[in-house]
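Here's the structure we're looking at; comments come further down.
Lettered A, B, C and D in written order, each chain numbered from 1.
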């Protein structure tokens, strides 16, 4: 599990007084930086190997401006060329949202998907949900 | 079907040269303004009756900065207090993304869901997918 | 003068119930699309000739979610390689914000500024504030 | 001086491969959280005392996705009811942008500006640019 602490900005709120729903896909992308670094250690967009195929978010409770958010990120499923990532956004002990994205390991020059290399797979497997509670 | 034309901004792009995935939930929320107006004709956030329970987006093709986007919005399913909205983002004849959100008709003072009133249901039913192609 | 009509999204609001201040630089960039097209008619980011050197925004009145915004854009000053753009965001007859950006005509391969070509200058001059008629 | 470390997200980039200019006003607002907490310790939007009157940003060097950003925040000028805040965004030893905002201490019920209270002034004065020690 990766954990990213995110501090809400005032601009993350909306007129209902809580965090706007469109911010969750953004926060989840930010929290995937740790995962992106497994594929592209220098985080260089010119050496990028992933495309996003699908995202989904379930909104479970309101999130608010005045407290930090912990985003937990797991590798839920590791296919040949695809990966499903599970993410949760917590404020203290309250779960605000749970999301999933499907990403595809992609060769931008060939414009097609390609197998996730074994050394990367080995590193990803350490982040399966079965990993130790706060590893 | 509602149709909203959206003009991409340069800020909608990312370092891969196309529209960043996190912009689609934003564009889809913008395109739901027409639907929000069915529930809250004055679009006054103090008279708001909806919460978002779930969103999902499938990314089908790249979208780019240099062309307007048409977002099509349908009422896919109309429950007692919930509504499923189907949306597609097109650039010309290319489908870039398809999304769904589940919204709940909500009483913010009572903090619970409540039935979508009949006059609103009648208006929503006109936007079922079975409506005429470009009505 | 260029005029761009912008429809606020719910995500543009913040917990104070109005449009969040950080949205104005975004809306002004969107409204500069018409100006960008003078420099790069195909709006192709790979053929880009401008960098932003400075932006400023004065917030004059609140802007709200429930009404379209007109952004007016003028070329305030045209230097050798730089251009100052004046912009205003109106809701009906209420002025919400006035902004200025300084952009530099830039050669990304040489990494230095370069003179704005005469045919482009001629087109820009048509958007000086003195085009008063419907200012 | 307040210092806030900000981790760029992929969505912060644009098609020119660097951080989009519209993200700087956003990052600067996020970094002002520490200052907002001086005025509203609980960071409760219902107990808010500030409005933004003006913002400006000078773009000095490109900022990139792959490295954390330090935003430094000073109280540059403290008026009766207004405050000018100076901010800089650094990546390592490279200065990317410098900004200023003017905020007004505001009574939202009376809809007018009001004097910044002395206990708050005392705390703000500690963040004058002359607070050199760890500048």
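The criterion applied here is as follows: a contact is a pair of C-beta atoms (placed from the backbone, for glycine too) under 8 Å apart; a residue touches a chain by one contact, two chains touch by 3 or more.
Fair warning: this is a prediction, and the values are worked out from it, not measured in the lab.
Greatest Cα centroid separation from chain C: this falls to A.
Counting C-beta pairs in contact across A-B and across A-D shows that the higher total falls to A-B. For the pair chain A and chain D, the distance between mean C-alpha positions equals 28 Å. A straight line joining the Cα centres of chain A and chain C is 34 Å long. Chain A and chain B have Cα centroids lying 23 Å from one another. Among the residues of chain B, those touching two or more other chains are numbered 10-11, 13-15, 17, 22, 26, 29, 45, 65. Within the complex formed with chain B, the residues of chain A that make contact are 14-16, 21-22, 25-26, 29, 45, 48, 51-59, 108.
Within the complex formed with chain D, the residues of chain B that make contact are 10-11, 13-15, 17-18, 20, 22-23, 65. Residues 4, 7, 9-11, 13, 17, 26, 29-30, 33, 36, 42-46, 65-66 of chain C touch chain B in their complex.
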